[in-house]
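Below: a set of structures, written as structure tokens.
Consider the two complexes below, in which chain A is the common component and chain B and chain C are the respective partners.
What follows is the complex of A and B.
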């Protein structure tokens, strides 16, 4: 896995977060308590002298891991986050595509509408999935959350679109350039707090975190940040291989994203 | 590790995505799982394994065998990381091509050697656009050499056909390499089929191109992103800023004293190129203001000459132009019409996919410089009043 220059990545992400903050009236960020969105919040603190100046949304379906809830509450307090918990209902018979597609997206739509957010920071990365690699830094979504991937706006140099459909919003992607291994190297270098589920217990660890229903751990003995970084240097397995919704059918990620999934 | 960004340019079907796919495989920069997925997708669509599917992940892209939108792939070669930016070759997708190419400092231009393919208008248009986007290093990959029996004559004809155009565009550093992307010939090792070619394989030539560095000047330029409480968010475009520096604020024209600098989570005495800092000053700054050293010659103007590329027809003289992060009402008047596929002046009104020399009158004064001198503050984008992208431009003369 390619290791990039962390200073350059940090500078570009902070630039994008600040551009977004100054261009939109009412911006929020999604926080899953995973490594990517937690790193993004750390960068936002660096961008604004230690304080995240926008609300942070957790889409909570009630079935996240206990460690995840504990991590959320502790860090929200420590970093003085303006945390919004948006509850989504979970139906036991629904999983994978329909779960993330229906349940989480419905909850997100509801909170976006209630609070009138016009932009949402989402910590996706280009190396996660071929479809995510097609994203812009600023990516418009229509009123019904659709991603018109066939007609994305031009995005030249460091200048991002601020075009808004009536009632739509802009997804802001400050972490697009980062690779999985860069996130871990950055976490180590800056001592960014991290969800304990990523570290090996009984020979298994979570490499990508979703809820308890659709995430499975991978075989791993990596118990420290150094061991995780070492493991990633030689891995030949995709990061999201433990995520059910990615594997159900070909092009599923494309459909999920077109319908508003993160 | 520094990552070099390279745009992959060329006419549709000349093999841009296939080349990137092959490079990913050759340099082992892609997981087995991704290769398996691409194989599976190829099979389901009843096609032979297509390395391009490693990039073209939209369903529509795989079914129709064409790239719709720009994407990126990273390769690792001899301890250098290179980000290859794939762009669509179709004319109607030029907006996506420009988006992808604007991130790069170097380009690989792909020209197919296959019979009836060769140098096309779109090949030259991509080259012209690359120079307007600020790309100044070029590698021309003559592809599909396997379809012409690896003939040096075909290769030389293409080289001689495109070289004068490259020179006209003032691209100073460029190389030619014959390859077969699909068969993986001359990518990382010299091909046994082309013993007449005395140069290095494609990736080694690319490394040489990327590693030559121009020394950057130390002139300070900062841009104001926003105001946060009583402080200002500044992005440093060039040079260095220190506390107690006196800076000229443009277009306001006032001189400001930098009272304090905050870099990240800590106060700091100075900031350098690329940094994003918070500063406090004795002058109120606005988004889009430029900061330069107090004796800098930069002055705001309300009229300049520009060269623009029309992504769409520009029917009305009144447009919105975005400069230094702000939108302005502006009037443009056409002076010359240029066909970018021949670099020739034409009569009449410039149309979509053409280039024009224009006079730009801006409603307010703006601080700009010719693109040739300063890429950071010598460029602009053009929109209609509904915020639809019409094109982009370079400042030519003040």
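What follows is the complex of A and C.
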């Protein structure tokens, strides 16, 4: 049953990635070096005979974990990725922990404009956060990156929109249907490379990765993929409990995403 | 020059040249772990100046405290990239 479920998820994600690549002239993917976006890149390689055919963007605020940078450099070389590093600045855009999200959005806007991308693959999942559950597979964004979550295309019978607003772009979400545990089971099954920060050291591990400022580890003794999967089967703790931006007012994520955050 | 010396130099002037020197010394040192400490909320880039990273050896003995920013022509930027190869021991 689990095997069949993983195969279905894989098929659907590959279908969406291929569909997006064929529909848009200039598409790119966001890569945070976390488990979801790395799995998405693995799927993209599978979809296109071992090569990711579009550029991969890392929005870098300069204070990511050293392990994350090392993982990025090694995997980009191994998988021959066309990596674009977009440096983001730290400015008091919204305030507090959310500034990171808002400033990453500014860097993303800049690189999208410079390179003229008309679509962006983002590896969000519906089960991560309430506001992400409202997303479509192909989700239009306006010229100024705004997302109108109250007025979205229906996507009946896999009829995805690729209609662009003047100057806008489409966010493509091939991982929407995956759960956290699906990702880990898939990583285990396919030996997908993974950031070492996810594994426990001294009784702590990172369950969701952001930068060194906004992410804290959780108490965990899971040192292997099997142990992580076992832990997830019984945990009552939310996946993004270590991410500070999610601890602010409940609507902050909704606000950030409406502004164009990933 | 050892880790402490280069740490002092970085606190005085965290420019590109000193960070490159730091990288060379770090790779030859017995540093194994790092911990990033933020004193203030990051409301702007200047708050990075109040933050630092602690470097530890395999027995988790503190070796040096270093800044986590780099001076550039246009201002300052984060510099955790230079700690590649070390393991995180941040706790909640």
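Please note the rule applied: the second predicted complex is superposed on the first by the 249 of 262 C-alpha atoms of A that agree within 3 Å, B and C clash if a C-alpha of one lies under 4 Å from a C-alpha of the other, contacts with A are read in each partner's own complex, and residues count from 1 in each chain.
Everything that follows uses one rule, which is that contacts are C-beta pairs under 8 Å (C-beta built on N, C-alpha and C of every residue); 3 or more make two chains touch, one makes a residue touch a chain.
None of these values were measured; they are calculated from a predicted model.
Shared-chain residue A:69: touches chain C; no touch with chain B. Counting the residues of chain A that each partner touches, chain B and chain C differ, and the larger count belongs to B. Applying the stated contact rule after C-alpha superposition, one finds that A:204 touches chain C and leaves chain B untouched.
In the superposed model, A:14 lies in contact with chain B only, and not with chain C.
On chain C, the positions that touch chain A within their shared complex are 34, 36, 38, 41-45, 47-48, 68-70, 77-92. Across the complex, chain C is touched by residues 61-67, 69-70, 73, 87, 89-92, 95-97, 99-100, 196-197, 201-202, 204, 212-213, 216-219 of chain A.
Residues 2-5, 7-8, 11, 14-15, 18-19, 21-22, 45-50, 53, 126-127, 129-131, 133-134, 136, 149-150, 152-157, 159, 161-163, 179, 235-238, 241, 250-251, 254 of chain A touch chain B in their complex.
Only residues 1-3, 29, 31-34, 40-41, 44, 54-55, 57-60, 68-76, 81, 95-96, 98-99, 102-103, 133, 225-226, 228, 231, 233, 235, 262, 264-265, 274-276, 278, 287, 311, 322, 325, 379, 381, 387, 389, 392 of chain B touch chain A when the two sit together in their complex.
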